[in-house]
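Both complexes shown next keep chain A, but they swap its partner, so chain B is in the first and chain C is in the second.
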Partner chain A sequence: MPSVRLVDVTKRFGKTAAIDHVSLEIREGEYLCILGPTGSGKTTLLRLIAGIVKPDEGQMFIDSRLVNDVPAHERNVAYMPQHYALFPHMRVIENAAFSPLAQGLSGTEAAKISVKMLGITRLAGRVSSFPAELSGGMQQRLALARSLASRAKLLLLDEPLGALDARLRVELRYRLRELVRENNLTTVHVTHDQEEAMIVADKIVVLRNGKIQQEGPPEEIYNKPKNIFVANFVGGANFLEGFISERTSEGSWVELRGRLRIFVRDKGHHVGERVVLAVREESSTICRSREDEINTLHGTIKSISLLGDSMSYEVLLDNGDSLKSKVPTIESNKGFSIGAEAFVLLKPQNIWVFPYPPVGLYKELEAM
Partner chain B sequence: MPAVRLVNVTKKYGDVVAAQNLNLAIQDKEYACIIGPSGCGKTTLIKCIAGLIEPSEGEIYIGEKLVNGIPIQKREIGYVFQEIALFPHMDVYDNVSYGPTVKGWDRIRTRSLADEMLNMVALRDRMKDYPSELSGGARQKTAIARALSSGSLLLLLDEPLGSLDARVRVVLRHELRSIVKDLGLTAIHITHDQEEAMAISDRIIVMKAGRIIEVGTPLELYLRPKELFTANFVGEANFLIGGLLESTESETAVQINGKILCSSGKLYSERREIVAAIRPEFVVMHGQRKKKEAWMGKVEKRTFTGSSIRYEVRINSGELIAVKHPATTNQRFEVGSDVDLTFPSERVLLYPRPEIGLEKEISIE
Partner chain C sequence: MENQTEVGASRAVLYKVLDGLSSKSAIRYSVYAFSLVFFLAFILVPPLFGILFKINSLGEIYAFPELLNRAHLAIAWSFIMAFIVSALDLIAGLPLAWFIVRSKSRLINIVDTLADVPFLLPTVALGYSTRLFWSSSDGIPRFFGGNVLVSPGFVLVLLLHFTFSFPVVVRVMVGELLGYKEIYEFAARTLGAEPFTAVRTITLPLLRPALVASFLLSFSRSLSETGATIVVAGTFENGPVYINNMRDKGFEGSLVYVSSVLILASVLLFFLIRFLGERLRLPLRKVWPGFEAKLSVPASVETRNVVTLLVFSFFVIVPSLFVCLPMAYALFDGTLTSALTGSGPWGDFWNSMLLSYSIGFISTLTNILAGLPVAIAIARKKFGRATSILDAIVNIPIVVPSIALGVSLNFFWSGLRAIPEFWILVLSHTTITYTYFVMAMSAAIESIPVEMDEVASTLGAKPFTIFRRITLPLTKYSVFSGAILVFTRSVSETGAAVAVSKTLETAPVLLVSWIRGGVIPQSTQALGVGFLILASFLTLLLLRITVRGRG
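For the complex of A and B:
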């Protein structure tokens, strides 16, 4: 199983740096997700590793070998582009056998390998079909079988589930993960879907404007986001603007608009500093009465929406801010209705404090 | 008075039936979502309402008016496509005021309507920007504002958020619903994303293979789906196959792998073979206590999904059961630990086993 290392890599298109001084290490057998919004440079990063584009600066290693000048077909990588690029005039088996044949294997050998890969991807029954006769999910599996048939141990996937319906995507991401594990591959998977990344990845790299914002295991990224962008892009959160009004030995008081005061554990900001508070929806608790004195905020329910296993209540606070609170659907039968009075409890340990972004909070969030 | 009504609408392409005998009434000011897998006929349905496709049979009413044969521009609808179709050479303001201008409205009236719509989608400070300068989300909001400025009370949305990033989609879907509700519009929204449909609609219409198979509120479809297909399509579910033992008005008992499973309510089934379904978050999981009624198993996998933790438990009879817990709970189960599962009877759904088989029935491909 190969490893990949990027040292201070930059790639420019004209004046724009699509990848801006990125250093990154992918260990043998690791499943890495590159997560970021449209235009963040994630596809460029993948194409750099594949050898389809060349870096302007920096070094790239695959298995300790410097590959900056090694062309794509000599890198021993399996690259699956976003829209699969299946050969429409070739049957399923011919698509799958393409790489082995191109590598100079005999027809029998190539057929053996491709039949095996089509078996793994559950397409054994469709060997004689043409791509256009397959469903979206089958086309995706064929693209995967074709990549696997190259027998490269470094798999590069660009939005591999992006073209599929939401429900199918959910089902296939578990299978994709198993398939990769069973075949001992090192994988780099590009996606804009944070939930998908969370489920398949050993490690996530969050990219924005060509720069790495944070990297780490899914739980760490979710539970300890380094900045507002990561908190928002990975999982979403409630954001509240305020300033530090007082510091105590246990934490700080933050004053929001309308003189609403909230206590936080964080002590890293000075009195008077503008800050943004962030709380996950599932960490803000909605209740009917003032259960706790500290950080229990009064408001009225503005909207209710079902998310499946949970329900999200949006509460308009008395000071004009609004907060969303997520409750498991099974516990949601508390009789809350739109317009009803409610309290939202924010536990100090669940509140992150970030410096107020120079471009303003709205712009910072919109820049997704 | 329903805003839109379909009576026995069928659309055929040669021998292929894209939509079969559709009957549907969308209420005034309702937000309705139509969901279903690729090829289920949902796009055919909305195109028939829009007037882009003429049905082979049946009638379509918008308000009181029979609209068969009436072209799209005379149906008074706002239409938003998945592929954002803005005029690239016009700025945001000109795009949004295009409809009223073409209709010959005077400048002042056009201006005030365009302003209102741009306010609605929070794009007033981007009025002078061209589409290429906007993010995908802002572009789609411009398309929505343009559809709204047509002044029609019926909004048809064909995968309006489909081309956007997952996270942007989550934010925009709420804005979309607020706009529709604030303006008192009726919306019919097509999506392949069942979570999107659940989050924003008053009612959901589930389609499969050219037919409407179930209609209900999001909570009805999630908690009490009438069809097995819906149970799987609208949220994840575990399925177990068993035999019917007894069914009374209050409770039904079934036998699965030698164990007895109960479900609230009566099951009307002519078949003895049944399928039991339960959503992962409703399965109760404990450390093993060897209680007789519990299903014993071993945790095979634990996946962190953000707000929840998903376990896969191999039960002694061999099936794999998904169990979901909120990530905020303190109780964690390690891979390899022995556990007991119980299925609360009020959460167990029962269906007659489909003749074509379970796999085929719930297939979403």
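For the complex of A and C:
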């Protein structure tokens, strides 16, 4: 299984840096998800590893071999683009056998490998079909079979589930993970779907404007976001502006608009510093009466949305800020209605404190 | 069996060698560089700069003010004619394209096929047919009790140019309308727009690039046409006719003057329209609900369709196919026998057909070999930003009137005395047809998503394997149709051939001299034209069968 190392890699298109001084290490057998919004440079990063585009600066290693100038066909990687690029004039079996034949194997050997891979991807019954005759899910599996047949141990997937409907996407992400594990592959998977990344990845890299914002295991990314962007992009959160009004031995007091005070565990900011508080919707508890002395904010219900397994309540606080609280649907029968009085409890340990962004909170959140 | 294995093994070795070569970037770029040098040295430079070899003779024309005036008038008429014809083509062609794409009538397939007829006929045949139809006692004049309805001259040239450039507009617009997403039009209609208003304010502005392209194509076709125009021109002179007349009389100065002005003006105009076309805003925003509602009612639509079909039949199809009538007479009056035995003028005719086909074959082959790398380079933007410049200048050979191009080519290649006339003819036909192949191929390659190449490459395929197993199979129909286009265009080319010919005559050149000479009987002329048409159709059929066979 190969490992991949990028050292200070930059790729520009004109004056825009699609990838901006990125350093990254992917260990053998690791399943890495590159997560980011549209235009963040995810696909460019994948195409750099595949050898389709060359870096302008920096070094790229696959298995300790410097590959900056190694063409795609000599890198021994399997790249699967977003819409698969199945060869429309070739039957299923010919698509799968393309790589073994291109590598100079005999027809018999190529057929053996491709039949095996089509079996693994459950397409053995469709060997004579053309790609256009397959369903979306089958096309995705064929693309995977074609990649596996290349016997490359580094699999590069660009939004592999993006072209499928929601239900199939959920079903196939588990199958994809299994296949990768069974075949001992190192995988780089590009997606903008944070839920998908959380489920399949060993490690997630969050990218924005060509720069890595945070990398680490899914739990770490979700529970310890390094900045406002990551907190918002992965999981979503409520954001409140304020400043540190007091420091204590246990934490800090933050004053919000309307002189509302919130206690947080954070001690990393000095008194008077402008900060942004972030709290997950599921970590803010909505209640009918004041259940705690501190951090219980009063307001009225502005909207109620059913999200399936949970309900989201938006509360307009007395100071004019809004907070959303997510409650499992099954526990949501508290008789709240729009316009009713409500309290929102924010537990200090669930509140993250970030320095106020130089571009302003609104811009920082919009920049995705 | 053993032989087959041997062939298979040697093919595998060849592929391996080519694979090895193609993975060396130096070799890959040499192929592109070579094809680019070929384009510059054989296609672009000779027609543009050949004329400079004779620039000294330009002074001659100033000694004859009358010739100079005639030259200016001829050039002006060329552009006026091309403008009027292209505008008429758009006015008449757009409704027909609309009818072909949107109508549910069973007539559609027939109309669609017929619309290509003038496109496939060699223009000299078209000119002859048009002349017979409009200005001979066998044609339409007989219904009006005269010998001539439209005498050879300006109006007849206009009718002819309308006939042969009409299918260009229809073909481009049909293609574009088929690819157009009607959803925009539906959206406009659900927002309260009458069908006619929706088309005028939404569809037409979105089809602007195609409208500009078809106008440009029709314009350059009218500007360039020579063979048929000579046949129907009478005393009227546009640029190509003037060049031909001056060539006959040996006035080199006039020849050089008009050719260089036509080359320069057409190239400038081409870039101007290409540049302005992208910025053109159609003033179509204003809406007249009452009037446009009336135009949208079924009776108005029916009337428009009937008028469109009448114009199409009376001004395009019947004049194009009218030559079949004297051809049919010629089959039974003994002309066919003398044609087949090669007696009288027929010996020369068969030689000219052989010449035309040899030239067509060689220039097609040359264009495939030299044009394919350039087509790939354009489609895959191999030269970075310079690609769009290459994309534009590749069009020059079809923009410049072919007789002016021929005159310039002739000067260029004759300057290098060692080149025999046959090869000058081959070179000029190659130049004339180069653009057709490159444009057809680059469009086809561009339609293959670049991800296919990229995926194939990451799967271990070297550039030659990608070309052999992905690009070629996915574009083979375009390769054949591009080759067909080049071949038929070469065989029917008159302008350049007229300009270059000294002792050798290609079939269209010979037919023009038959028709203009007035010595050869009409049945012989008609049958000669008929053989040229038949040969064109047989070539098309043969190539089509080959494509299907390999399908």
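Following the convention adopted for this analysis, the second predicted complex is superposed on the first by the 368 of 368 C-alpha atoms of A that agree within 3 Å, B and C clash if a C-alpha of one lies under 4 Å from a C-alpha of the other, contacts with A are read in each partner's own complex, and residues count from 1 in each chain.
Methods note: a contact is a pair of C-beta atoms (placed from the backbone, for glycine too) under 8 Å apart; a residue touches a chain by one contact, two chains touch by 3 or more.
Remember, it's a predicted structure, so these values are computed and weren't measured experimentally.
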Contacts for A:R146 in the overlay, against chain B (first) and chain C (second): which applies, first, second, both or neither? second
Based on the superposed arrangement, let me know which partner A:A72 touches: chain B (first), chain C (second), both, or neither? second
Output check: A:P81 vs chain B and chain C. Expected answer is one of first, second, both, neither. What do you get? second
I'd like to know which partner A:H89 touches here: chain B for first, chain C for second, both or neither. second
Specify the partner with more touching residues on chain A, choosing between chain B and chain C. B
Is A:K326 touching the first partner chain B, the second partner chain C, both, or neither of them? first
Please work out whether A:S99 is in contact with chain B alone, chain C alone, both, or neither, and reply first, second, both or neither. second
Which of the two partners, first being chain B and second being chain C, lies in contact with A:G58: first, second, both, or neither? neither
List of chain A residues in touch with chain B within their complex: 37-38, 135-138, 165-168, 170-171, 192-196, 198-199, 218-219, 222, 232-236, 280-283, 303, 305-310, 312, 326, 328-330, 366-368
Quick one: in the complex, what on chain A touches chain C? 47, 50-52, 71-73, 75-81, 83, 85, 87-89, 98-99, 102-104, 146-147, 150, 152, 156
Touching residues on chain B, where the partner in the complex is chain A: 37-39, 135-138, 165-168, 170-171, 174, 177-178, 192-196, 198-200, 218-219, 222-223, 233-236, 279-282, 303-308, 310, 324, 326-328, 347, 364-365
Which residues of chain C touch chain A once you look at their complex with the stated criterion? 16, 23, 449, 451-452, 454-462, 465, 469-470, 473-474
